[in-house]
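Letters A, B, C and D mark the chains in the order given here, with residues in each chain numbered from 1 onward.
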Amino acid sequence: MVWQLDLAILTLVVITAVGSLMVKDLLGAAILFGAYSFMMCALWSIMGAVDVAFTEASVGAGVSTVLFVAAVLRTSRRTRD
Amino acid sequence: MGDLLQIIVAKYNYWIYITLMMIGLYAMIGKNNLVKKIVGMSIFQTAIILFYVSIGVKKGATIPILEHGHGEHGHSAAALIVHAVDYVNPLPHVLMLTAIVVGVATLGVALALAIKVHNRFNTLEEDEILAQIREK
Amino acid sequence: MKIIGLIIAILTGVLLLSATADFPIFGDPDSPASTHLSPYYIEKTMEDTSVPNIVTAVLADYRGYDTMYETAVIFTAGLACFIILRIFVREEPGDRLYRHVLTGVTVRVKEGAKLPPSDDFERIDTMWTPPDLIIKTVCRLLIPFIQLFGLYVIAHGHHSPGGGFQGGVILGASIILLAISTDLRTAVQRMREKVDAILCPVGVIIYAGTGALCILFGFNFLDYSALAPLLHVDPITARSHGILIVEIGVGIAVMCTMIWIYNILSSGGKYDEGL
Amino acid sequence: MSQQYPALLIIVPLLSALLISITGWINKRLCFPIAVAALAVSAYSCIGLLLRVVDEGVIVYRLGGWDPPMGIAYYVDHLNALVLVVVSVVALINLIGSKKSIELEMPGKTAPFYALYVLQVTGLLGVVVTGDAFNLYVLLEITALSGYAMLAMGDDRAPLSTLNYLYIGTIGACFYLLGVGYLYIVTGSLNMVDIANILPPLYESKAVLAAFIICLVGVWLKMAFFPLHAWLPNAYTHAPSAASSLIAPLVTKVMIYVMIRLILTVFTPEFTFNILAISEPIVWLAVVAIFMGAILALAERNLKKMLTYIIVAEVGYMVGGAWLGNRLGMTGAILHIVNDALMTLCAFMVVSNVAYKLKGYAFDDLKGLFRKMPFTMGAFVVAALSMIGVPPTCGFFSKWYLISGAIQSGQYAFMVALLFSSLVNVVLFFRVIEICFYEPFSDHHGHGHDHHAEPMAEAPVSMLVPLYVVAGGLILVGIYTSDIVNYVIEFAIPKSIL
């Protein structure tokens, strides 16, 4: 485990998390959340949790994002916060 | 200062997980939009998963899949001595697989409810919905 | 509300941070978590179950009871989405749109009426946009390989990362991809709602039924070694096979639920027109 | 077969829930019999288990045949067994009683509703029976998800209030999970008994303290303990009657069971009451909860919402009783789990009968109800007497234990709160009974007398019989309280609590 890489990904994770909550467009929030999940997945595979990373890649970054997008397109993209 | 830095470097994963968890928790309570709250909920759950996975990490250990364990000679491989220090702790991974599943299940139900609320009130902002309810 | 949220979040954070002082150092091999239970799993898995992927073995055997409920949770979520959102509309009041396949002419048919099924016309969504040829072709080419990979992930879960859950999600994602790249109707033709909704509990039944079968043989619930006489193998290999059986069950349940949830969410419960 | 009772009581409902969701697509009429049969088998196994536990003591059931710290195991002791019986019996009676109302309120979706109902019961039974801290989380989520789905089936506002419940419930469950993680990082184990064995040298550790607080807050969120109760009244009021009469009696009680389990088994009373010394502030919090629940209930003009605030007050009873730190208080809390489940069930079944005929339960709708539905209201009077705490009914006895416990530990504020709440309950229920008993205040005098001729419109027999079974149960449990305490609860509390 290279701690510099680890730290860089951890920073990115926090940035994407804050970003997905700050962005004023729900579709953007959904996509940023997908990016967040994918960063998490990278982090976990660095930590040696391959199975968890695999699951997160398919569930968190894959299906969750699709579900978000589906729900957002069914409702509205508008948000005030 | 040196001590503090030492602590931070030694435990920075725990710090990041707490930061993420606070972000998620704040979003769940403080945000006004229902879908944003759901995003916050997912971040909150993922943060906890990060914490669990961090528990399982061992320095100098590899992924929890045994070497020499392939194929039919599985039983002879059992005779090989396996040292626990060589592999990371598999138990948190197992628990977190379950937690991820629970997370996506909750997410699906929450989104379904959000769509239902939107069908009824035609908005996702909580204060606008409450205003509509009060008007009646 | 924002201020309350901030205060609560910070209070929780401080409580959790103060406790990290007593945690073992990150990655410490001598921490209690790494020395109490996990050495047993790492060292005995091969002897007990002959599965090299320790995570699979712990997931489906030592803690198989958890995993059974994990599958049940997924099933519950599918059922919950169904009961919350699904609207049964027998007669569609709105207009229907049909497109002539060869010329691309769209025909609007007034309320209630239908065109007789023919190869020349296909029904399209009301918010229809012409599908991109590249996307459609690439997805069509890709989907079989995705499904093959999903099956591989389920079957090879004993030796590599993966297992029923991940494989099921990948299989589900392949159908979801079909629904996105063409339209929901095409995907539903491949996987009818009734089939989907019945297969989902069937997956969980495969899991729970395997466990219940062990009771009939006089062993405890989910003790796969009871299946040894049935499978004509020794108890340790029986555990390995038992894990495979339940992983298949998990795969079926997860695949169907993912498709089900996506279809319901994307069509807003009507199950006719997706994104 | 009695060896397998602990497995049967979970597996049978789970498998039949799956079966119901399949048969729902083939023949809808089969769903109800399957559900009833499954819950009956489950209740039978629970009662058999309780008798076995009373005879033989703690039963350990190893799932998958693995020894406890490695695999998952059930530990069935007197406490579990008692709560198991309550959960399964309450669920069975309510299912039989609410068939008609399910068919009325959810046409076309009865099959998935039955499946979710049985899944919910499976989850609750699993939470009670399991001996593994992480397994409890998974089962908690099954309970929660099926609960959200059922609650959201109510009126127009139900989806929003359920969504709020979902947020809070997820925070609660995640806090619990986090607490388990903190325990795991310092002990390395997930088995409750194993954790309790490893913990003693770590009692001074901040991580254990944090784990305890987080777990406790998570469980409080789920049980709607006072400052964290905001989700409960709306979620339960707007729900369909069959769902609220299952969830209102059981979910909060099972959460209280989880709290007592955490105190007694995982963290041990030694740690909770002697080392932490936070029982006094928590009892004070319970006092506030009881006062606030009672006052908020007084302000309501809607029968169902009033009952939900009474639940908030009753949660205060049990939390306070459990945290008094003495034997009498703990006995009262455990006994009140049984009694309150039955009382709430009875009251909510009355509400669902009323809703079946009246389509509304605001106080204004209830006028002249005694004339219209005399049998339903008869059962309501029994429930009311029990909630107030009048001697032959069971509510009196648990309150008696709680008050004696409060006196023994010198927590007079708690005693005052209990008496105050009983008084408020008198006011609340007699107000309802008064409204129901007297004739409608008609504005046009001439037609007032015509209402005498209003025909009796009683709920169907299939709803009344289960209601009377419960009402009879309230009195029977009251009469046999001493047996329950002497043979079951006495053994459920460890000797170290005096």
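Assume a residue touches a chain if its C-beta (ideal position, glycine included) is under 8 Å from a C-beta of that chain, and two chains touch if they have at least 3 such contacts.
Keep in mind that what you see is a predicted model, and the values were worked out from it rather than measured.
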item: Chains contacting each of chain A and chain C, listed by label; value: B
item: Between the pairs B-D and C-D, the one where more C-beta pairs touch; value: C-D
item: Averaged-CA centre spacing for the pair chain D and chain B, given as whole angstrom; value: 30
item: Distance between the centres, which are taken as Cα means, of chain D and chain C, whole angstrom; value: 32
item: Cα-centroid distance, chain A relative to chain D, in whole angstrom; value: 38
item: Intercentroid distance (Cα basis), chain B paired with chain A, Å; value: 11
item: Junction residues of chain A, two or more chains touched; value: 1, 50-51, 55, 59, 63, 67, 70-71, 74
item: In chain C, residues with contacts to at least two other chains; value: 16, 20-21, 23, 27, 31, 33-34, 37-38, 41, 53, 55, 63, 66, 70, 73, 76-77, 80, 84, 161, 165, 261, 265, 268
item: Chain D, residues touching no fewer than two other chains; value: 134, 138, 141, 145, 148-149, 152, 159, 178, 184-185, 190
item: Overall pattern in which the protein chains touch one another (line/ring/star/complete/other); value: other
item: Pairs of chains found to touch, sorted by chain label; value: A-B, A-C, B-C, B-D, C-D
item: Touching residues on chain A, where the partner in the complex is chain C; value: 1, 50-51, 53-55, 58-59, 62-63, 66-67, 69-71, 73-74
item: Sites on chain C touched by chain B in the complex; value: 1-2, 4-6, 8-10, 12-13, 16-17, 20-21, 23, 25-29, 31, 33-34, 37-39, 41-43, 45-47, 50-55, 58-59, 63, 66-67, 70, 73-74, 76-78, 80-81, 84-85, 159-161, 165, 236, 240, 254, 261, 264-265, 268-269
item: Residues of chain B touching chain A in the complex; value: 9, 12-13, 16, 19-20, 23-24, 27, 31-33, 35-36, 38-40, 42-43, 46, 49-50, 53-54, 56-59, 61-65, 88, 92-93, 96-97, 100-101, 103-104, 107-108, 111, 114-115, 118, 123-125
item: Residue ranges of chain D in contact with chain C within the complex; value: 4, 7, 11, 14-15, 18-19, 21-22, 25, 61-66, 69-72, 108-109, 112-113, 115-116, 119, 122, 126, 132, 134-135, 138-139, 141-142, 145-146, 148-150, 152-153, 159, 178, 182, 184-190, 198, 205-207, 209-211, 213-214
item: In the complex, chain D residues that touch chain B; value: 134, 137-138, 141, 144-145, 148-149, 152, 156-157, 159-160, 162-163, 166-167, 170-171, 174, 177-178, 181, 184-185, 190
